[in-house]
């Protein structure tokens, strides 16, 4: 199911939590196929900002970077263990964006 | 990862819960490779009874059948949806035996 | 904040404001809660958090029942957080009622003396949801059969040792009852109890709190949520791990909830059945009553 | 049943018998609990079930702290089940202490007037585990920094709306602190609170109860269990779904828990930091104090 061709576009699943789903019409998960030149998580973030979000961009990014307080998970693993913005995703990957909660 | 050859032996994961893990040295999960003639869940149950359990067989079976109060799950799905004892397992399958709890 | 057109009285607006503010819940669900009746069978480890959160949320009527004459024991208190050291020896249902009233005096508490085969169907029929917080096999079949007969959704929780289980039965045409999933009771030698095997307090705590959550979703009819119908939640407290598995649909031939049910709850011998005998043919024609239990 | 050689007094044997019977817990863990000190920061939606289950289980000393002069509000009661309608307007810490004592009079309750940058490290240093049950960004960095400095394990819970999160920080050389995972605070415009966004009671209920479970595992040192070190539990109450994800290890360069920590907790300006300013260089040299919070 994982595609190995590194230059074709890949279908991945985006997941949202901690309130970020509000930016995506309350979708907790979205299947998307970014264009073939979007291969890394860094580029994926700007692509999501530019193509999937219509309002409250500040909830997702600060400029080109993810805003502080959002945890990124690659198949349920913290992206710090996966080279963060440099991670090259594969078809079938689940990339989650979870905002940290502070209430109690 | 799923093996398609129907006559070779297959490696599957057995999972135990609700107290049944006590029959398996407190292992909540065991990777096993039953012999090639064990292909169905019905035969798997008698094989587990005869080869993996050393005491308290009554906690697992009543004769050749599973004892009442044990739920069988094939990859997290109730075996009633998978033809119960007739289900032919594939390599990589997770077969769970969960005893129902009554306490509160 | 809800508008002035809400039918909620001002005192409710203050008390329930954090639910009213919640888009998923809001005035619509709160208004439904204000006319909702919930029955908790068993006021022990599961029932304690369940009754506190349901009372706090503002159900209209909270029914409480446990074994007749059961009292608060000191060994209950590590997990049965609705009770109190000063109420050891008092009636368990009365102690639970006191706890619910102390949190929210606006909830009407109905206490029942017993939950037995004779009165079970009649009792559950007057409620919109039932929570099975019992602790024994006979009671679990009785509660489920009664809910199947009365077609009342049942939120069923269980906990022992370091494990918990939770599902919703009898909630819709394709949702099974307890008997659909477990047609025959386990051999008595295979049944554990918290009194014999022990339990860590937060284990029924998590499951009982989740039972309140499921009940609130059912009663509030809140959109954009799903309940654990046809799903069983498995909780492994030793590893703080949860897992949800898919359950079979309702069995059309089920003797309790099927298309032609054959069980007459008031005449079924639940304790005999739990011991492996035929519940439909009690010895000597005498029906053995199944006590509701506390855990 | 424990043997007579146990150091537990007879009253404990009765009260804690269901934990003593539990093979996973038993006399060994109970004995450790009897000398254990746990601190709960925030006596609100998370702190309520956490303090009840820790008191019930029999920790030796339970420390409680919240915002100075914070009182029980009627809008707290739907989720803050340790409080009571009759205690609306009373000190929240005093009300929480009363609830813990009512369940288990043998637990020593220590209440603290405030949890601020000035006293945080000293305060947490005397405890074996700390539970973060606060409700705001500044308090979360303060609690974590104090636990990092004092090397005390931190069970961190959070809940809002229909979602909860839970992990264990500062528990061993490879376990991160809050700042390792979230080096910079979110923009204030992105931060929700239960008071503004609402919350359903059982959501902090489940997370707070799980915090007690994690604390009991840490304090009891019980074998054959794992805690949520380097794991984050995500709870979606709308679908009653749980998920556990893997977190990064401790960052050696972390200013709070790294090999050469640079943050001096008592002089760090937590409220300014939470607003996006430099916490190490408070305006005018005046340290702004971060209040502990209740949720």
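As written, the chain order gives the labels A, B, C and D, with residue 1 at the start of each chain.
Definition applied: a residue touches a chain if its C-beta (ideal position, glycine included) is under 8 Å from a C-beta of that chain, and two chains touch if they have at least 3 such contacts.
These figures come from a predicted structure and were not determined experimentally.
K.L.:
Common contacts of chain C and chain D?
P.N.:
Expected: no chain.
K.L.:
How many angstrom lie between the centres of chain A and chain D, each centre taken as the mean Cα position?
P.N.:
30
K.L.:
Go ahead and note the Å separation of the Cα centroids belonging to chain A and chain C.
P.N.:
Going by mean C-alpha positions, chain A sits 40 Å from chain C.
K.L.:
Indicate the residues of chain C shared as contacts by at least two other chains.
P.N.:
In chain C, residues 161, 194, 197, 199, 224, 244 touch at least two other chains, as defined above.
K.L.:
Among line, ring, star, complete and other, which one matches the pattern of chain touches?
P.N.:
Shape of the chain contacts: a line, open at both ends.
K.L.:
If we use the touch criterion from the header, which chain pairs count as touching?
P.N.:
Listed in label order, the chain pairs in contact are A-D, B-C, C-D.
K.L.:
For the complex, give me every residue of chain B touching chain C.
P.N.:
17-19, 28, 58-59, 62, 67-71, 73, 76-78, 80-81, 96, 98-104
K.L.:
Of all residues in chain C, which touch chain B in the complex?
P.N.:
42, 44-47, 133-137, 140, 157-161, 163-165, 181-187, 189-194, 197, 199, 204, 207-208, 232, 234, 236, 243-248, 293-295
K.L.:
Using the touch rule from the top, collect the residues of chain D that touch chain C in their complex.
P.N.:
14-25, 49, 52-53, 56-58, 74-75, 77-79, 81, 83-86, 102-105, 161-162, 166, 194-203, 205-206, 209-210, 212-214, 216, 224-228, 231, 233, 237-242, 244
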